[in-house]
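Following are the structures in question.
Shared chain: chain A. Partners: chain B in the first complex, chain C in the second.
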Partner chain A sequence: MTVNFFIPRLMPGNPAESILGQFHGHINPSALKALEAAFGIGKHQNILISYFEYLRNSLTGNFGASFSQGGTPVATVIAHDLPWTLGLVGLSTILGFVFGTALGAIAAWRRGGRLDNVLPPSFIIISAFPYFWVGLLCIWFFSFTLNWLPYEGGFNQTSSPAFGDIMIHAILPAFTIVITSIGGWILTMRNNMITVVAEDYVKMARAKGLKNQRILWQYAGRNALLPNLTGFAMSLGFVISGAILVEDVFNYPGVGFLLLQAVNAEDYPLMQALFLLITVAVLIAIFCADVATAILDPRTRGGN
Partner chain B sequence: MLRRLSGAVRATWRFVRRDKKALAGSLILFVLLLISAFPNWFTPDDPAAEIYPRGVGLSWAHPLGTTGFGQDVFSQLMAGTRQSVMIALVVGFLCTVLSVVIGVTAAYMGGIIDDTLSLITDVILVIPTFPLVIVIAAYAKSATFWTIVFVLVVTGWSYGARQLRVQALSLRNRDYLLAAKARGEAPWYIIAVELIPPMTSLIVANFLGAALYAVLTAAGLQFIGLGNVNTESWGTMLYWAQNNDALQVGLPLWALTPGIMIALLGSALALLNYAFDEVSNPALRPVATPRQRKAVA
Partner chain C sequence: MNKFKVGLATSALVLVASTMTMVGPTAVGIASAGASPSQAPLNLANEQGTLWSCAFNPFVPSSLPYSFGLTYESLDFVNALESGKVTPWLASAYAWSNMNKTLTFTIRSGVKWSDGTPFSAADVAYTFNLLKKNSALDLNAVWSVLSSVTASGDKVTMNFKSAAVPYFYYVAGQVPIVPEHIWSKIANPVTNTISNPVGTGGYVMSKCSGENIKWTANPHYWQKGDAQIKVVNMPAFLSNNTCNEYLAQGQSAWGSQFIPSIQSSYVSKKSGNTYWFPPVANVALFPNLTVPGLNDAKVRLAISEAINRSLISQNGEYGYEPAASQTGIVSPTFKSWVSASAAKGLSASANTAKAAALLAADGYKKVNGVYTKGKIKLAFTLSTNGGYSDWIASMQVVSSELSNFGIKITLQTPAANTFYSNLYAGKYQLAYNAEAGGPTPFYEMRQWLYSKNSAPIGTAAASNWERYSSASTDALLNQYGTTTSAATQKSIVAKLENVMVTQAPVIPVLEEVDWFEYNATNISGFPTASNPYAQPGLYNQPDWGYVLDALKPKA
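Right after this comes the complex of A and B.
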């Protein structure tokens, strides 16, 4: 049973990519036509051949040329913007996960305490805010009202990018992503923790007279974290979706902003490559989370 | 049948009245439904008409000021309510239907049907939806209301289907279902009459979750200009505000109030969702704090 459950989960890449491929197969003709119009590569092939060609090109990293960026190869355009997104989304996702999980654990540990009464309802409400609007709110408050932080770009355009400058520009977008994504972590961790705290081994640990801190983090926390890791994988797609809009609001030079520019310019090769990239990135992250779960939780390894 | 229905209504009412989160959520939702049903009660003039002085701040004539085009912000907000509420309801409903059909069928049929349906569910679940939505909407060119609904339903049903499948699996081998099978009832009868009613609270929670997803994603789409930018909606308002640098030129009300409306609708759905979650999962219900317990005793 465990194997049955885990085989499709351990390799999410294959089925997802084949569906994805079909999706691309269906929409490729219009992109092909756009390509023909733009660059005159007018070869009329049937859909199947162009689909396989597309697959081969994707696998070798050849995504064609971007026609909104003056014919620069798509791979080059993306490589230029990718580090910004990786830095921003990676950092804020980790921050959100770590703080959210910790807060959720503490809230559940002191069930009915002040933290437990305030956190869940307020983050239910915050989770219902649109990401990009929280970004607008931050811009309005921190950049225009208080005049503290820059509101657009990834660095100061007049000088070459310096580390401190990049950090200052990253504060508001990162804060926006953390604030809107942290609620999910808090709630799932809290709910897992509530179930775990009722388990016998936690009672046992208490009966042994272990320190509360030790029970909280080493006994209950570790076990409540496992379902959260899977949740991490699930919600990553959601965080990335939000990050696209946040990048747009802040004109942040990452791939999300690039995707929207590509959409506006009807730059289909760039659009498809970005979508593929984002999907593959999410699948890799899910794969990593699954591997981590398997390493951390011996039960899921059983049955091999 | 009628008595059972009125009993359910009364039970729901009792639950809503007791649960503060549910009460707040339903109140907000009710007001927004009222506005979307009768927007004319709340808008003095044509909300789209550009007839007022541009960029006015707070005033009696314009409680929330005017836009950079000279439209009344308050009227626009009221007029925009309908589209967001409609998208929430329609997408929520269609997603729920799809989730129930796919999730319950998978669980009830088992075997290769279950494997296939689960695989499709998982694939849709892990694909990052918003980029997909953007790409589809971009290919669809002029996104009408129904394009947006279609895109959101296609990408939004999987989470619910997965949850419902798990729940239905746990119910499948209960005695009363086996009894129904032994009586020789048809599969559709067993599914509709015996299997689905016990899952009502989860189904409602799924409806609310899908509706919330629809509101936020639709707002995002409209914000980046992939909706129909000439219709009245909160996302479209944000699009125009952002494109005209509302924040930079000192019109924060124009740029921030539509977001507050989206957040209101979203919070109402999220609060109700959470309350229903507590119904279907008793472990999550609030516990009495020691002080409260003393007060009772």
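Right after this comes the complex of A and C.
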């Protein structure tokens, strides 16, 4: 939290200068003094006092008012943008994990098969490309060449964006996230599976004459999944920070885009709250992963 | 469409809307609600790169653009495109007295706030005293010159510390008047977002979400016959491209966009698509006058002569922004202010022979292709805001022209925050930026040249970034403030133009324009070159509200 407070303040300039610059030509230069007064910047404002105020306010859940959003409380600003990010990046991360894990399991089950020869290498190559590059390629192909999908934004500019319209805008960024993240899941799941399949209890299951499907998912898959689970939870925690690139490439409304704006406007309160959100999200995700592992794997419960 | 279908469609929409409340980020109502069936809403194409924050406090810079002009009104409307022509607004008359130190407004009667409460002179006095009490709200620093504002009957009297004629623009034209009966109950007007603004203006904000702001015409508007467009929408755009397409396809009849290759990407896309880019201020090179070499007027004049402004306009700005003049007068907007003697011999193309002669007479010689005098070598860095690609393109032309001429330029394109921070603090050598300007050329000259605007190197100066200081220029600027005579004002500006062409403290390069695209097929009354009754940009306050009041739907 301390770092969150000081890092934004190490940036050159201050929010008043930044806003004056943004409104260049459309605001009286004498507004600088008024802005500094409004944001509490100036010689008579001790940074230590602001720091302790910030600590107290953060602990009580009061993140202050955003400088760049007309003084709207930071919590309101984030609450408006968060669903966009959770919806897009959160869902596509989950989809990437589900598909990747399933495909990895199947590929390992039929190793040497056609699926195993094609899928893992091709997706691993794709996931080696930087996300923004794949994003731009998709934009070029699906939006400009085929003209199928909108290439940016989260909605059509009407007075009330419809649900279907929001979905259509989400397809391209979501697709890009899925295909770039899926490779990692396929590879790790396939490797885990191969080890697990060689285990005695799998041989036992076969010897008992269980159906292949049941062995694949209930015996081997369930155990092979465990190491991946922590990685998945971590990646969920990084949804918010990972959203910055996604939302920037597709000009998609959300907290990543918001963070970028906050940095450009030197909106300290908004930046602090977003940094905190990112940190807390990762911590919560790791905690959830630990709990899930404990439930799924009796060995980790330890004790007696 | 029969009734059953309408009912079905409406309930489907309600269903969608209510589903979205639960799952989606947006909870907005039905598109057609409130719109009369005969008249389509006017959609505005105003790209700000962000979702709306739904804050409407007219004294906060980031929310002022969405409230001042259409919800809140000022005492008078001062038109920057007609040399400050005054049209009465909330004040029906005004008069200067007491050696131009007292300004008395007669407040209009019969005006009501949008909640039905009558508007009075007390509201005006309240607004100004609110700014006095909260300096954070005083964006135009009107209390740096005011000493008191009082109301009595239908008169509001403003007393100034000294003669302050040019401040009329700020006190009458730039201060939105707010209702005392609402604002006096607000605990902290600096941090209050005013999510439900009550004003005297032609439009009432009726619904705001992050994706769209919707205004409806104020049925009780005091200007009968105005505010004829029933519904105005302002959707949020996160990027230029989407907004430009929206505008080109005719989904919006009014936009303020920079559109590359406007002929092919806008005008030819739909019949009626038109644009008009009136120049309003200068984009200029600001030489840091504390840097050796740049502190020499001859060097600055040589720079001014050595650049080809027409070429910069073509290569950097598609020719949209015309070449500026070293006099500092923006043409054609302020054409009548140009002093013939100052403008003599100036040209929009480069005159390198003249520039070379200036430097030779000053004792500079070319050493390895760079003009040098003793220890002073004419090699400078030139900074421009890294966020504006058009400015970077313009400055690339300037860099290559000056470097070829013999003044070596290293172009720097820092991020906006760094750029402004260094500019204000005077930590740069040459910088490219624009000033706010005002309704006559005087305002920009004062921002450029008034020594009290500046600050020592290292301290932020909101204007006069080049750190110019001259007692005689200050005296001229002060003298302008004491006279209401247009002839005297023009003669003072002519003397300031002379300062500009002999000392070149600032080197104007291009003229900044208002971006304005419109389609008058269904709506009449947009400002045009022959009827420039207000600045047409959607980011010009209060002008855009003034224009909105005047627009009429075609039957």
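Methods note: the second predicted complex is superposed on the first by the 241 of 304 C-alpha atoms of A that agree within 3 Å, B and C clash if a C-alpha of one lies under 4 Å from a C-alpha of the other, contacts with A are read in each partner's own complex, and residues count from 1 in each chain.
Going forward, contacts are C-beta pairs under 8 Å (C-beta built on N, C-alpha and C of every residue); 3 or more make two chains touch, one makes a residue touch a chain.
Just so it is clear, the model here is predicted, and its values are computed rather than measured.
Of the two partner chains placed by the overlay, only chain B lies in contact with A:139; chain C stays clear of it.
Shared-chain residue A:212: touches no atom of chain B or chain C. Once the two complexes are laid over each other on the shared chain, residue contacts for A:264 go to chain B and to chain C alike. By the touch criterion defined above, A:81 reaches chain C but does not reach chain B. Contacts of A:122 after superposition on the shared chain: neither chain B nor chain C is touched.
Shared interface residues of chain A (contacting chain B in one complex, chain C in the other): 12, 19-20, 27, 30, 264, 266. Partner chain B is touched in their complex by these residues of chain A: 8-9, 12, 15-16, 19-20, 27, 30, 111-113, 120-121, 124-125, 127-133, 136-137, 139-140, 144, 191, 194-195, 198, 233-234, 236-238, 240-242, 244-245, 248-249, 259-260, 263-264, 266, 271-272, 274-275, 278-279, 282-283, 286. Residues of chain B that touch chain A in their complex: 21, 118-120, 122-123, 125-132, 134-135, 138-139, 212, 216-217, 219-220, 223-226, 238, 242, 247-248, 252, 255-256, 258-259, 262-263, 265-267, 269-271, 274, 281, 283-284, 286-290. By the touch criterion given at the top, residues 11-14, 17-35, 37-38, 65-72, 77, 80-84, 87, 152-155, 157-163, 166, 251-253, 257, 261, 264, 266 of chain A touch chain C in their complex.
Residue ranges on chain C touching chain A, taken from their complex, read 16-17, 19-20, 24-26, 28-31, 41, 43, 49-51, 53-57, 60-63, 65, 135-141, 144, 170, 174, 190-193, 207, 210-212, 214, 233, 235-239, 241-243, 246, 251, 280-281, 385, 415-422, 424, 433-437, 447, 453, 460, 462-463, 512, 539-541.
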